[in-house]
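Two complexes come next, and they have one chain in common, chain A, joined by chain B in the first and chain C in the second.
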Partner chain A sequence: MELLQFARGPALTVALAVFAFGALWRLLGVLLLERRGVYSAPRPGAPSIFASALAGIIGKMWPHATFLKQSLFPVLNGYLFHLGLAISVLLFAPHILFIKSISGLSWPALPSNLVYGIAVVTAVSLVAALVHRLTDPVLRLISRADDYVSWMLTFLPVVSGIAAVSHIGARYETLLAVHILTVCALLVWFPFGKLMHAFLFVVSRGETGIRFKHRGADI
Partner chain B sequence: MTIPSTLGEVLAQQGVSRRALLKYSAYVASILALPAGASRVIAENLAKARRQSVIWLSFQECTGCTESITRSYSPTIEDLIFNLISLDYHHTLMSVSGAAAEHAREAAMRENKGKYIVVVDGSVPVKDGGVYSTIAGQTNLAMLKATAKDALAIVSVGTCAAFGGIPQARPNPTGAVAVSEIITDKPIVNISGCPPIPEAMTGTLAYLLSFGKLPELDHLGRPKAFFGETIHDRCYRRPFYDKGLFAESFDDEGARKGWCLYKVGCKGPIAYNACATLKWNGGTSFPIQSGHGCLGCSEPKFWDQGGFYTPLAAQAGVSGELVGTAAVAGAAMGGAAAWIARRHQRSHLAEVEALDRSPPAKSKG
Partner chain C sequence: MTASTTATGVAFDAQGQASDEQRRNLAMQALVRDLAATGAAQLESCVRCGQCANACHFYVTTGDPKYTPIRKLRPLEQAYHRHVGPFAPLFRLFGIVPRVTAAELEEWEQLLFDSCTMCGRCTLACPMGIDIADLVKQSRHAMFAAGLIPDRLELMDRTTKLWGSPATPSEDFADIIREAGTQFGVAMKIDEPKADYLITVAPAELTEHTKALADAAKVLNALGVKWTYHSDGFEASNIGYLNGDIALQETMTRKLIDAAIKIGAHTLVLPECGHAYGAARWEAGRWYGDKLPVRVIHMTEFLDEAVTSGRIKLKKVGQSASFHDPCQLGRRGGVIKAPRNILAALGVEVKELADAGTVGWCCGGGGGVVSNKRADPLRYRVFEMKRRQVEDAGADRFVTACGQCRITLNLGASKYKWDRKAESLLELVADNLIA
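Now for the complex of A and B:
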């Protein structure tokens, strides 16, 4: 159990510390920036800043009709693995117990079997996302190392978690330690790579919504 | 009356039928997960085997392991001592014999040089020359080294002998270590547990007698037949774990309905042992069946793994202080970065405004 001890002790502590440090650094670094000056009058009928931001956040959740056909697969697949990740992380009983132990917060869990099934679907969906990235010429052209590292560090905790629950490949405590270590790697990378979009998408889409609506543009 | 030299002769003299031996062999084969034909081989080899000389050393221990083996149902301790083995020395059982017991040990070592099995229960203190536990004026450390020197194999029974156990728990004042940390040149089989399951001890000894070798071991030196699966793998409460139905305390509705004990600290998922299948007291029950979570007592350092009642998933040794400090530092960095960016923005704006105010440069043309 030495590896497990290391994984859930010092490794997890350092990873959480790096995550907290990096995430707050980047988030506050963006949120405390001076807002761009508004030098023109809003278009007649432009909604309030709050409503504009909301329109930007919600409106961008589904592709524009013009692009719907070509973006249908990545959008639906994207929803699939994002929801799958959220359920696997937040509604699995052992995860809730872990979160409770470090934060005191707790909520009801889904049946472990169901979460297991969802995690498997999530893993398949993540593989499909990678295949799409590699086979779509445009997406492939604009992909950087960050995209692949972020994909890998999201995928590894999912598969190591599945392996740990189903005891595939090694002994349970080893698999559990590997699972925790992959989560540590994810936490360390999270604030410095594209995974930070989990926090920043609200800010950037909101800001886009404000600017668009100010100029009377459709979202 | 002639003195019987093989187990078969001993059994025949005591009126134990061949059928009874076959039945016992079939039982041993089944608990060791051996193929069907193995039971006949065991029966034949056991009948031919000479009574095995066993020297049982008790070091830093609580006698729980001996207590456990005396509750072995098949074979019973009587069977084991009088039929299968020649227990030439057992420190705890023979302590009243004083010097005579020590002479018996020395005689057994002399007469069975290279052929006797040493069973050890208890860990060995090594700090300060091993003075924290002595028997007949000899430190455990010295006695173990001397006795193991000419042994055929060593069986470490109990988590203390196998992994250091409770005496090794933090802060380990006596420098307790496992037998395998001292003896490195002999085959060692670990039968861990606090105490170990009696059938795991007797079954392993029966295997040794039948086949003259150690059974297949896991990476911690434990027989795979008994330590190949986790308690969680074979737990009858597992369907409740899978359904997400957990007892939240020992007296709630979930506990009364027999739901999974994960949330009240069960360590079944990381404990490799046969409690859920062989059970205790002749197959009557085991801790989880009695309503208490598994403590994981067959695993190294089980005593220092966090609370027995802390859920496995909540045992992360995360230092909140470090994470909190990092969060404050991150927030300060974010604030500083934004402040620097704002200064840049302002000086840039000032430059732009200054440019706007300055008269346009005259064209030279």
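Now for the complex of A and C:
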């Protein structure tokens, strides 16, 4: 079997299955744990549980000014690569075509050159995040293997994608196959490591929103 | 009790005669037992961004990364991933997450007790909304179960079990109240069989802050309401809540609520104490269900209601003041406007500290840290930061609404020969009541 066929076929199917089952398993494993009740009367005027959770999810998108001053780089760089990844994955014409071929869904793309530029910026931003992790004493101390594995498996699809689009280093088909395989690796790892924060942030922030809005406190 | 040091030179205290393996197992049982969905989701969500470090006064004032808040949860995280989380069998099978060891717990005693005031500033800074302060509290349950807490805190625990208060035997409470009444010339109510308001106290008020007992009485008398102190339920600073001793937390909570029920009180007023608010306002229902039969409020809320409704009148003090927000009252309790309303009613101009209200810095002594001698050097570093903020604000007075914060700040002041004193908001109100 050609490498590209393998990547597009069995590799991707297995990776998607591991991703879907693994992510569902982890989410259910967390959500089905016993919930503790709320032990107190709410502060008068406290919003509903739903509104409180939403306040947590949205409120935590941006730090309080005093924290922003101290964490300007991680906050801004974090936004940069998250947005860059989202645009590169979702608004690149070949990706949309691929998604359409398996799901029937499609939406307008951004010009490919623009997405290419954004992907390059994303790669640089990811490198900056890694350098920060390796040089900041706090981050060095608290980082786990997961942080480096997750970084690598996020970075590889970005650079392999850039290489494939710019035909650098090998035949296009080979580069595309490598790109897809790096995406497969990412999907397989996704449920097991910190990348799951893409889903779990909703639960985590939501719970804190509920706890603190109940008390009439800020988030 | 033994004071020892770990192989890495970290001091720890151990209580009881349990072996290392027994301690470890007791801790693990407690860690695993406590982990409900909220904590689990939060432990799963950390992205190791490190932003919590800059929020923690112990990291900021020492620059030592070991004080990074999320790191304080390491034993809890390990226990979760090995025994509770969705991939626990895999993580155990492949040894991906190592066992928590007794040595690790010994080393973490200092991180969980000496260098965490459960102030929740890290919670506020965490972009994932991880309530680290609450998870530190959970971790303390395990440390208590393992017999690994600072001796000073354990002593308070034992004293409270014996006396019903860390400050004085319950039998002496009525006498202390009467004496304070005589000393400060205020009519006291003690052990009344029926009352609408049950007034509770913090340990310092039974020793060095006895004026607070009279100040509260003075305000209540001026309001003309039916109130009492009661020997059956008076001690509100819940030592069990701080030490991770859940059984004691329940006992102390029940004493208060049962006493309130017994005398038919509709309101239980907590003293000027932050952690009392954390324990009684938000956690008492744990043993009584959602609907407590009595309303639980902090002295500051009580004063705010009395002042704002016009039921008491205050003289205008003038001058300016900075207010130190006790963490459990403000950031974690949502009571931020009330003290400022009271200061406004006193005609005091509030000059805010650089970080005030929700983002205010802890005094450095909460969570039992002020009672833990071993933590003094760390606490004094935090004090220096707070002192700078107070000086920069340039107000005439420095006021707070927690006796423990006052003690912490005034201990710092006397160490550094600082000529300022943290004052009590209650005292300011009582001293300026228009009779």
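Convention: the second predicted complex is superposed on the first by the 213 of 219 C-alpha atoms of A that agree within 3 Å, B and C clash if a C-alpha of one lies under 4 Å from a C-alpha of the other, contacts with A are read in each partner's own complex, and residues count from 1 in each chain.
To be clear about the criterion, a contact is a pair of C-beta atoms (placed from the backbone, for glycine too) under 8 Å apart; a residue touches a chain by one contact, two chains touch by 3 or more.
Nothing here was measured: the structure is a model prediction, and the numbers come from that model.
In the model built by aligning both structures on chain A, chain B fits alongside chain C without clashing. Legend: residue contacts after superposition of the two complexes on their common chain; A:50 is shown touching neither chain B nor chain C. Of the two partner chains placed by the overlay, neither chain B nor chain C lies in contact with A:148.
Contacts of A:109 after superposition on the shared chain: chain B is touched, whereas chain C is not. By the touch criterion defined above, A:197 reaches chain C but does not reach chain B.
Of the two partner chains placed around the shared chain by superposition, chain B and chain C are both touched by A:34.
Which of chain B and chain C touches more residues of chain A: that partner is C.
By the touch criterion stated above, A:26 is placed in contact with chain B and with chain C alike.
Legend: residue contacts after superposition of the two complexes on their common chain; A:79 is shown touching neither chain B nor chain C. Within the superposed three-chain model, A:167 lies in touch with chain B and out of touch with chain C [touch as defined at top]. After superposing the two complexes on their shared chain, the closest approach between C-alpha atoms of chain B and chain C is 7 Å.
Shared interface residues of chain A, touching chain B in one complex and chain C in the other, are 25-26, 28-34. Contact residues of chain B toward chain A in the complex are 230, 232-233, 241-244, 246, 262-263, 269-270, 272, 299-301, 305, 310-320, 322-327, 329-331, 333-335, 337-339, 341-342, 345-346. Listed in rising order, the residues of chain C touching chain A in the complex are 35-38, 40-42, 44-51, 53-55, 59, 65-66, 68, 70-71, 84-87, 123-131, 134, 281-286, 290-292, 295-296, 330-335, 355, 357-359.
Interface residues of chain A facing chain C in the complex, by the touch rule stated above, are 25-26, 28-41, 43, 56, 60-61, 63-64, 66-67, 70-71, 74-75, 78, 133, 136-144, 147, 192, 194, 196-197, 200-201, 203-209, 211-212, 215-219. Chain contact summary for the complex, chain A toward chain B: residues 1, 4-5, 8-10, 12-14, 16-18, 20-34, 93-95, 97-98, 100-102, 109-114, 167, 171-173, 176.
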